[in-house]
Structure formats: structure tokens, C-alpha cells
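Before I ask anything, here is the structure I am working with.
Letters A, B, C and D mark the chains in the order given here, with residues in each chain numbered from 1 onward.
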């Protein structure tokens, strides 16, 4: 055991037997499916990093728990340096894959578990934290990838879990016994669920007394019995399936809906059951970590977009246009803002009772609020800089056609010194960066909706201190 | 002859024999190709309007030229009311098709021809305007659709037409004789070129002495010999081809690159050749009209997006969420801004020497600048309001699958009173509105790049008057 | 009688005897007070316009009521052309005074009265409209200026008028008799109340049954007994009082709080009393007209700001800096957006039962929403373009000092060909444009708070039609 | 010697004899002038902090140079912790004074000197660094305040220093001898020059060969012979002079133009003379540090604005209005963004050859770009939340008037439980926060113009790395 190579990682997935549907059909060979494989390749890069001399030090660290080197994606932060490393690794990965690498959500769950399971035990005398440590050892020793099962499908949003006509729209316990529990429900937007060995389930919202059956945290293998992955459509999904016009030559992303159609979970993998007051803690901690993660990887994605836009300026002969440079500056500024706030959130982290470090939630959410608004704007700027062929570039099949291909090569040519195929490839890549739904929608809704980020900074700010400062300067006695 | 029904329009296209490539293969049956047909249906709605009792008065007007009722898409404006009608028709069509209807560019070319060909004749004693009137009668009598061949592929953007290594990257005359001229080059982003009977070609930029061979305006049938349409890819193009998960149940858009591989044009259809100082006039007038058109149709598209977002709030149970209402207000505000500036540009129009009315270019460009920035933001807001399933909704094939379909129907259910299939359809439609590349990229680059719109309002504003007003108030004597 | 010259206007104010406080002291000579006079001069320009050959046709029109030429500021619109003229006059005045001319609010009240008093009579058989017509004749024949007494001080905003501990925080009737009514309360932000002959009072909000005493519309002379004007501070108010560093060499603005400390109003000047359901109508119509007015005058103010910024570029030697040109374009775009939406609101106006024309409220509010956000941004851009001396330019007294003055003239010199005093004057004017509180705060709160504008466009839009369009395209049967 | 109390600081200024003009007159008693005193009080708070038990640890640190505790405003950073402390102190001070405390610029000069004077010596074998250390000891031992003399008046911006008709518009050496140099010129926007003991002069821009006379760095006492401070006007300057309606009860800011009318500087205080290639280094390092400083203090100022706005919501009865809460969240978000990027710039600092630590310039400028745009927006939001009385609140003299004062107290009352004087004071404070020109213009132009910040992030970013990442993913071989 120990660190897996990227090849070993792919092999380990090949051995799993998840239940998968896509386009109305069962997918038996996940690893061999080009669309799913492109997502697996993205996560695979987190393994490759550990094989690369120049990055190994960044991604590999010794786990005090097993006293072995582990991939940082299985290492809850035990120091400020660990928090900072998360952001820097994510930005690097954003550069290396140009999309979502999909392994952060599992780590973000592990981080939340490392804090909250301990706190529950402190209050209730339960034994969740030791169970969590066992699970963590399992993850670390095998260098596994986990996925975050957080977002319930939710039914009617104006109703709480107990008020729903169908109680299953929030995942809950439908049976329990000596061995464990049986859960039912569905989790949406499960990025990379088939690139993962384990699904870690946390509650999707704060809960109150009477909602104990929904107050759940646990882990289940991604090929558990009665667990069904339905891979949703994304805008460019047939490109990978056809192996044509992919844009990103190797990497992509997919997001199944995962249905827990009465899945059994042994007690040893249950990290909360019924302690409703900690539901908010779990989802809050997870979300805060996840928003910090985004600050790194999305900055890295903007780096790719800036690089693509600047390259296209070189290819189009517009690299001296001052108005386009201004737009590139705007893009860079957005990347650095996401990154800066996320880094600051890390450097300003604090240690929790369990020993795990937690980031500053106000700064992490400040980063995420920018992401939710500014990624779309960065994409718009990239399209503006690059030109209209982002919309309607002929297919590589057209370029390969003997009649029309040479004509296209003639007419799509930009600057003399740039091979036309390079310009075509860069346009295709920009199309992917701009119009891949699974990726672009997560800029907005990943890590909770934009409103959640906003409410968090209001709730976590010391408003009374701000009021006192104002009153004092205005000459108002308290 | 006279007004065509929508059915007659489709039949008239069926009789044409254009040269078309898509995905590296020849397309023989344009009308029968589902992807192209979805675009044809959009343009078809401009014919349907004339068949609808409630809208006939808006879309049909009497042409003084042929003294018959014609579709307004073949009627250059002869009054302020005609200018205003353009905007209102476009907004209505935006509501009816939820995408680009593709017939405005032809009209915008006719409008530019109706002004500039006359002005050239006035200066040079040429006979372009009478030729244009003959062509216009041909368009009106047969109720034809035209497409704007304006955007050259341009090669190296830092070089002028004569400096390019390959002179063909700007369309130009390569031969001429008694009968007519032979032209060579390519026009990009030819929205609806196969939904059109005619291609009207105008120059893509201002020209100067020495560039006479590029100073060209003419019309050619879309199935001319040696004219090749290569239909580019768009993000959701396989949806229509597969007939699955289309989102918009009937309408779409496609954008070929059109190659003029030595196309013959008879003199009777040439409306400029060599009068370089009028190249800027042609492209400027066309662009100004086209930006006014966008102000209508894109407002209509936002209407659809607002309607989709509000419907999804109803379906999700979030219709009382004040933060979502605020976002809907932002969307409405954008629609009304586009529309208001475009309407104002129309009401403030002026008559040109030929008798045709021209819009106020500052106000028309003010509208377009908003479009270039705010459509992307409106889409972002729609996604924010609607939720994450815009990214990854399972396919209708999954819903149809007997094993997994019922589970999806159970878990995708929103509010109790809304059939789950309605919610699924609305998500699919939102995906189409948000992520169709042919449509969304035109928000940015349609009618010229954003910088062109900005420079226009600077150039067309009376800056000296503004300075004088400031100096006077500051007490500075002129 | 008939049209007043500007000199006659000032004389007419000199004959009035209002009760005025400023800086804790009574002001007896309103016209002779430099600060108030600068505001009077602004309104005076609306009279001067009628004396200027080139503008007379725009500002003077024949009133069908008295069959005489009147100033348009006393002419409720009886046609689309009248609505449009409002916007164009306001933009022109913005250019001529570089601040608020203060006469629009009175006209906006007259417009509201011309619609609503008629509608009340129609429903209740009251006789308000004839009274209004008499009052309008009085205004027209004497060419008087009126001020809008709309904004109550409101006390605790979470409470309605009847719930307030002090009932006087909403103006109400405290006594009534055969002759008339006695009213008590206070109206805030009464721009130009001392430049006006009459105060026209309308309710500040929608009212309901039980709030009859607050449902009031009437007119009172600005020097009525027990009517007290307390001129509030504005940021640069001592400049005019000291006659030094004024920036705008002639024009300014001031905003009193006006207290009705039991003011008697004869019945002939009461235009609503107790018809609570029309309170919303009065304030809504007034606000809609006022927002349309802003679209003109604020565009005109931005014109001045653009002119000032471009002039400063000339003076500083930065007129070729492309990034500054971009900022000037942004400013122009904001002006045209306000103007375009306001114009469109006018052209799309409709006739009301009384015969008066009403603007399109959605488009008028679309303009105002931009103003509330973008005027501050236009100011920021002007400061950015102009440079840091907007903050801290030495006083003209320093320039006049024999020791330090020559040194300042030496060091404040910009381009060689520009006299240093011109540069100094322009900086001073820019300071005035940027930092005059009475002016800049009205960009945000004038015509109701920004939220009011937003709610209006939501309420006035046809949301169901938008939903239907979306559902139809998505394939959802109604 | 050693740390000064705030009282000692004021006394030390009282002993100086600077040449000062304001409103065309000499000011002999700087400390006794209420307007200048309000600025001195702001800087005084940096001394008070060291007297406050709870903050002493933050502001006082041991200097290795003199082995004594010193105020951090005289301590160039020798560690990451020192860099971080700068930001946190500045945010705290922003809360404590609600305006600019004015002492950061001196420290930012000391930081630049601590890096660049060393680097010059390394290259040229000069002895600037030892001189600097002596000067630093002088500053530390006496706990002095310095001011940054960086911004030259610049004359015609399109011309370099040697091309100007008047060479004095860039400060330069006009004579030199054994004892030292004589300099002539003027520095603009010298915030707090009279609250300072020393003026530290650095070049204002990059220089090239032939411009040696302008390549200058030195220190001069603020009461040097022939050094003239002309205190410019700011929007609310007469408030402090009149002692009325100040808003901020104790603190303010002023910005003189400082004229060096042939000032002698001994060699021991010259830290560069003629090494033109280091001019860019000096101004660049200074600016980078200063932009980092702003990230702290402006966040602290927004804290005050948020506190003021929230308090006003309490006072007005609007604390439950969701749209106002959303605006408060926007304000908080801006503060945290400035702070986060500035903190990150500090944590990511690097050690320079002299041992001094330098911040990350991209992240520091990312913070400043937000400031330049978002402070104006934060002010706008504060005004929006607070209401129209920001524009035109009656004077405290009106409230004190026996006739009208009680009426104002009655009508200005908000919520029942809030004394009216508190509401009035808070409005006055908000007016100060929003409309003090010296403060608000520095949000835009402080630390260099917005364009300078933008160019810096473009120049300092690794653009080639971004392009490589994009090309690799697009499948383009390098």
C-alpha cells in the first residue's frame, strides 16, 4: 500500500463495480468510457503530481496518523502550512487540468469530519471521532479518492425535510439494526462520484429537533449495492464520446445524480446519526473548506483562460491592442482576488479542539462570492478577446475532409508564423473553457448557492464591533 | 408571388441546392437536417407572424416600391414608425423563438444598401441605387430571406487587406468581365446562411486608396456555384441531431463559415466596386442597424430567461425568496435597458438623402454595449436563480429507462403541484438558453466586437460641445 | 402677466417673505444670500432659456388652458411630443447649469395632479380637477415655480403613519373648517423650496383605510404663515457664502427641511383629502414623472463631467492616453443610457383619462436604476481621469497671496499653452461636480430610494407573459 | 528618548516652525489650528495605540538596530510577521480614526529605502545604506513621524522631466557642494506633512540616462528653510475651522502642496543621487508597500462605514429590510476583499538582499485595484442604506436655536428608543465618511493612479507560464 501511481489509481477504479446509467443505458466499463475517463484523468493528475519530481514536495506529506507519506488530499490540516498548501495545490492543478480535478470535495469532507465528529463526541460522549480516524487511515493507506455526498435533491424548497410529501428527497435512515443503518435518498451534482472509491455523506442543511433521521454523516463505497450513479448531460458531453473536437485534449468533468436506493452502511462508517444540532456544523465546515478550495482551483482555471486569451492574441495578430490587454488585466485581477482571499483565509486559520485547523470563514466566503460573480465575467472577457470562432469553429472532421479541409486551413489561418492547427486547437480549448456546463455552473453553485456565501459573511462578521467603532467616532456614548 | 406562408418558405428552401458541409460530410437535404431545420424554423417564425391575426399588422406593411403588402424584413425604413417597428418585432420574435431568428441581418444589409448605394451614385454618378431597387423588388415580391456576408476571416489582424500573405482572407475581386465579377474569400459567422435565399455581401472594414478590389457590395444566391457553407460546431449541436434533450423544443441557431471559392456575380447585383471611401459607410450603417436590431431581439431573449427563471422559482418552491426576486429584477432591468436605448435610437432617427431613415448611432451603440456585457450576466443570474441542475440534468433517455426513470422522476420532483416532467423540461430549456454557444457568443461579438461599439459612441458624440459646457461653467473664456 | 424674464423671476422672489433658518439664524434676504442665490440662479436658467432665441422654441409652448405661451415647466404633457420635450429640456439645462435646476419637481407634481385629481373626481364625484385647473392657470399666467413637498420625515420606518409615537412625522390635517384645512408635519429634502413661489404637497406613500388624515394633496405659497424652511448643510456650502472656490461660477443647489407648523390651506387649493386609495396613485405618478426627468438632467450633468474630464486631459497632457479615453467612453455610455431609457419612456407614453399623457413606468424606472448606481461611478471615473488635485487644490486666496501665489502658479501649470488659471478653475469645477452633497446624494435618493425603482419595474412588468413564453418554448402545456 | 506618548508627540510638533499657508494666510500655530489639529490627532492615534494596554503588543516591537522598543511605524519589516502586522495595525487604526491616519506613508518610504539604498550600494559601491541606517536610528530613537514626498506636480504629462518648459515641475538638484545639495520643485498631495517631523523624498517615476538631476532620494525636516506647505482645500474644511458639524468628532485629514523653494539637504541625508536606474525601484517599492498599507486601513474605514450604516438602520427602523442587509453584505465583502488580498500579499512576502521583507506585488496591487473601484461603491451603498439626510441635514447651530431647534428635534426623530441627537450625530458622521474629499479621492489616486496598479499586475504576472499551461492543454507542442 501507500501512495498510488496514477496508473494504479486507474486500475483500482477498474476493479470497482458501480451501478451507472448514462443516456438511458447501463455503463459497465467506467474506466473505458471516454467521457468518464476524461474526468478520471483529471483526478488522476492529483496522483501524477506525486510522481513529478518538481511537485512531489508540495503534494506529499507525512501523516502522523499512519506515519507514512500520504497524498495531501487525504490529510486534514494540522497546521497553517497545511491550509496554505491546499490552496497552492489547487491552483497548480487548475493549471494542469484546466477544469475541475474533482478530488477536493473528498478532502473537504475529511476536514469537516476531523473537526465535527470530535466535537459531537465531546458533547454527547459518542464514539464518532475514533471511527473517523479508522476511516481516515483506510483512505490514507490506500491513497483513495472520496467524493462529497452533500447536496440533497430537496424537493420543494419552501418545505423542511419532515414537511415534504416524499420524505426521501432528503437522504435519511429508513432502517437500522445491530450491523448498521439503511439509508434512502439522492444526492445531486456528485462531481467525480465514479472517479472516487468512497462517497462521504454529510447533511445538506441545518436541522432541528424532530429531524433526527436526516442528521447523518457516513461513508460508503462508490460501488455499494443499491447505489446508482446517473451521469447527467453536460453541454459538450458528446464531444468526448465521439473523440472529436474535445478542446481540452485530456481532461474533463462529469456530474452524476447519485441515488441511495436503500443502501446499507455499517456502524463503523457512521459519523453522526441523530445529533441534529451538529448538522449545521457539518455542512458549514464542509462548505467553508470547499469555498477555500475553489479559491485555489478556480484561480488556476483563470490562469488557463488568461493564457488561452493571450495566446489567441498572439495568433490573431492583436497582441498590441491596448483594449484587449486591459481585458486580460481584468482577468488576472479576478484570479488573484480569488487566490488572495483564499490564501488569507488559510493563513488566518485557527486550531479547533480536535487539533485540526479551520480556515477563516469570512475570507473564504469573500473569495467564493467573487467566484460566483466573476468567473462568468472572466469567461466573457476571454471570449471577447479571442473572437467569434469560439461560437462556431468547424469540426476537426471538416478540417480532415479532403475537399473542404484545405479551404478551411487556408481561411482559418491567422498570423503567418503560427500553424493554422494551433489556432484551431486553441479556439477549441477556449470553447471548452467557456461552454462546458459542468464546469461553468459549478462556478456559481459549487460550494452552496451564492446567497449562502453572502449570509455567511454577514453572520460571521463582528457587526457589533463595527457599530461601536462608528458610534464612538460620531460622538455617541454607549 | 407575394407574402409566403411559413410552409411555402420551407418549400422554397427545399428547392435550393447549396453546397454544405457539416462534421466533414456533405449535407444534401438541408431542410431535412434536424440541426439546420431548427434554425430554419426560427426564421420561419418571421413568416408565421404574418399568418397570425394578432401580429399581422405589426409585421406586414405596404411597400411603396411594388405597391403590395410585404414582410417588414424586406422593407428599409421610410419613417420613424418603420424604425420603431423593427425593434418591437424583434422583441416579439425573441419571445416566440427564444433564440436568434436570423432574419434581421438581411434587412440590416438592405437598410445599408438603401442609404449608401444612393450616396455613392450621388458622388460618383454610378448606377448602384437603381440596381439595388431592382434587387429589393425581387426580395419583396418573392418574400425572400437574405443573410449578411460581412465578417471577413481577416487573417493577421495587425495587417491590412493588401499586406496579408494570403490576399483572400479579405473577400475580393479576382476577375471581371462584361457579365460581371468573380469574387474570392470567406465570410465567418454566417448565421442562418442556409435559411436564406440570398447572401448580401458588404465590406468588413474601412478601406483606403489601393484597396479597391476589396471595396465590394453585392448579392448572390445562397446556392451559387462555388459557394460553400461549412456549418461550424456549436456547444449543443448533437442534441438536435440526436433529437434528444434539445431544451428549446423547436428553435435553434447555426453559424456556417461561407467560402466564396471564385463565385461569379453579374453586374446587376453589384452595389459597390472600388469606391473605397464608402466601405466604412457600408459597414458602419449595417452595424448601426444591426446593433439596433439586437436591442430588440436580445431583450426578447431576456424576457424568455426571466420567464424561465421565475417559472423555476415556482417549480422549486423559492418564489418567495427575496434575494432571488432581486436577481429577477436585475434581469428585467437589463432587458429594458437594451430595449429602451434601442427604441430611443429609433425614435431619434433621421432621414437620409435616399429617403431611408437611419437610427441614432450613439443610442444604438449604447444598447449594444450593454448587450455585450450584460447578456452574460443575465445568463449567470438565471443559472443562479434556477439551481445546479442546469449543469447536469440526466437525459430524457434516462427518464425513459424503465429501471432508473421512475427513480429520477421521484427524486427530480419539485413542488407537489408541478408535474416532474415540466420541471425537467424547464431545466433543459434553461440549459439551452445558457449554454448554446452560437447564441451566447453573438451576445458579445454580434454586430462587431465590443470595442467597435465603444469607439463608435466616442466618435459620434459631440465632445467639443461637452467641453464648452464645462469650460463655461468653470468660468473659462473660450 | 405671461412669461417672466429671469430678472422678473428674481424680483418676484424678492417680494416674498418666507421664514428661513440657516446655521441657526434667520435669513431675511433670501435673494441676497449668496448660497440661496446660487440655487435661484439655477432655476433662473429655466427662465433665461425662454429669453434665448435658439432655445425659445423648445421651452415655450402654447397652453390650451389659457391660450397663451407658457413655460413648459407649467405645462402637463398633452402629447408624446410634450413628454419628449421634458427630457430634452432637462438634458439641455444639465449642460447649462451643471447641477440640479430644481424646477422639475414642481412640474412633476402638476403632471401627477393633472392625472389623479381627475381620476378621483371620476370615482368619488369630488371637484378636485377643476380646482387643479384653476391652480394651473394661476401658475401658467404668472410663470411661477413650484416645489414638490412629497418626502415626509417618516419617524420610525418600520411603523405606519398611525402607529408613530408622534403622528406629525407624516404630514396630516389637524383641523378643518369652512375655509379650509390646517396641516402639520414636515417635508425633507425640499430642493429649491425658496426658489419657488409655491409648494405642492403630495402624500409620501400608499395609504389605507384609517389613514385619511394623511391622504392629502394641496398647494401653499412658500411664504405661508407657520411654514419654516431650515436650509440644511451641504458639503461645499461655505464656499458660496465666502464667495471663494465655488467651482461652478454661478450655479448651485440647496435643500431645506420644510416644517408645516400648522399651516392653513384654503379648500380651493386642496386636491385630495381622505381618498386613501389614491395616495399610492399620487406618489406613484409623481415618482414616475420625476424619474423620467432625472434621465434628462442627469445625462446633462454627465455631459458636463465628460466635458470637464476631457478638458482636463487636454490641460494635463494626457489626451492621448488610451486608458483614459476608455473611461471617458464609460462616462458617455452612462449618460446615453439614462437618456435613452428616459426618452424611450416618453415616446412610449400613453394618454390618461384626463387627457394628460403618462410615461412608460418600466422604462422610466430602468433609467433611474442606472442613475442610482452609475452616477457615482461616473464621478469616480471623472476623478480618476482628472487627477488628485480634485482633493486638495489650494484656495484662490492662496493663488492671490503675493508670496505663495506665484509659486503656486508656477507649480500648478500643466500644458504650456493652457493658462494656469484655466487648469485651476477646471479642477475647482470638477471638485464641485464630484463632491457637492446636495447634488450627488440626489443621484441616489432623488425620486425615491433605489429599492423603490426596482420594485416598480417588477410590479409593472408582465411577468406572466414572460413565463408563458418560456413554458411554450420548453414544451410545457399550459 | 524612546516611545513618545501622544501628548509628547503633539508637543514635539509644537516646537517646529514650518512655513505654512492656508486660505492665503500664514499659519503660525499649526498645532492650535483646528483643521490641522484634526489631522494631527489622527496620526496621534498611532502614538496612543502604544499607550493602550490591549494594543501595545501589536504596535510596539523591539528594533534590532537600536535594541529598544519602537513604534512599528518606524520599523521596516524583517519578517513575514512584520509584514502582516502592518496590515492589521492599519485596519485597527481605520476603525479607531475613521479616516486616514497619515503615518503609513513615512513607513512605506522607510521600507523602500531599506531595500533600495542597499541595492544601489551593492551595484555602485555607494554608501547610501549606512546613511539610511543612521537616519532610521534617528527616527526610531525619537519616535518621529515621516511623510512621503513622492508625487511631483509633473507639468505636462506627455513630456519627460527634461522636456518640460519649466524643469522645476519635477523636483531636482539645482546646486551641490561639499556640505550637500540644494533641491527645487514641488510635491503634491502631501497628506499629513505638518503632522510629520520629516519629509522623505523619493522620485515620482522611472528615469533614464540624462535625467540624473531628478534621480533623488533624501530626507528633510518638515520645517526646513524654504520649504513651504500650502494646505489645499478639502470639501468639509471649514467645518473643523468653525468647530461645527464636523461629523467625525476628533479626526480628519488635510493634504498640502509642499514647495521646495531651494532647500538645502546635507549629504548625510541623501539616499540616492543620480543612479537613474534605481528611480523605478524606489517608486515601485514604495508604491507596492503603500498599496499593501491601503488594504488594511481602507478595510478599517469600510468597517466604520458598515457600522455607521447598520447603526442608521437601527435608528431608522429599517434593520429588518432585506434589501438593505444585502447592501451591507456588499460593503463587508469589499472590506474583506481589500484586507484578504493585502494580507495574502504580506504572507507571501519574500526577503530582499538587505534583509528587509517585501510583499507580493501582484496581490498588493490586486487589493489596490479593488480599492480604487470599490470604495466609491461602498460609499454609495452607505448613502443608499442611510437615507437622504446625508445630503442636507440641518446644522447643529439650527438644533441649538431656541425657535427652530425643538422643531427639528421633533421631526428628525427616528425610532422611539434612540435619542434624536444620536441619529443626528450618526448622519453627520456618515456625511464626513462619504464626502470628505481629501479622504475619498485618495481611495482612487492614493498610491498611484488606478492604471499604475493595473499595469503592475500585468508586468509582475508570469504570462508565459499561463500561455504554456493553455497550449499544453490545447494539445499544442511548444
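The criterion applied here is as follows: a contact is a pair of C-beta atoms (placed from the backbone, for glycine too) under 8 Å apart; a residue touches a chain by one contact, two chains touch by 3 or more.
Values in this document were obtained by computation on a predicted structure and should not be read as measured data.
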item	value
Per Cα centroids, the chain farthest from chain B	D
Chain pair with more C-beta contacts, A-B versus B-D	A-B
Mean-CA-position distance for chain B and chain A (Å)	37
Distance from the mean Cα position of chain D to that of chain B, given in whole angstrom	52
Rounded Å distance between chain A and chain D, as computed from the means of their C-alpha atoms	40
Residue numbers of chain A (touch at least two other chains)	323, 326, 454
In the complex with chain C, residue positions of chain B that touch it	84, 95-98, 247-251, 303-308, 310-311, 314, 325-326, 328-329, 332-333, 336-337, 339-341, 343-345, 347-348, 362-363, 366-367, 369-370, 422, 425-426, 428-429, 454-455, 457-458, 461, 463, 465-471, 473-476
Chain C partner contacts - residues on chain D that touch it in the complex	21-25, 151, 153, 155-159, 165-166, 168-169, 185-186, 188-189, 228, 230-236, 238, 242, 245, 254-257, 259, 261, 316-318, 320-321, 323, 372-373, 376-377, 379-380, 383-384, 387-395, 397-401, 403-405, 407-408, 410-416, 431, 434-435, 437-438, 440-442, 444-445, 449-451, 454
Touching residues (chain side chain B, partner chain D) in the complex	322-323, 326
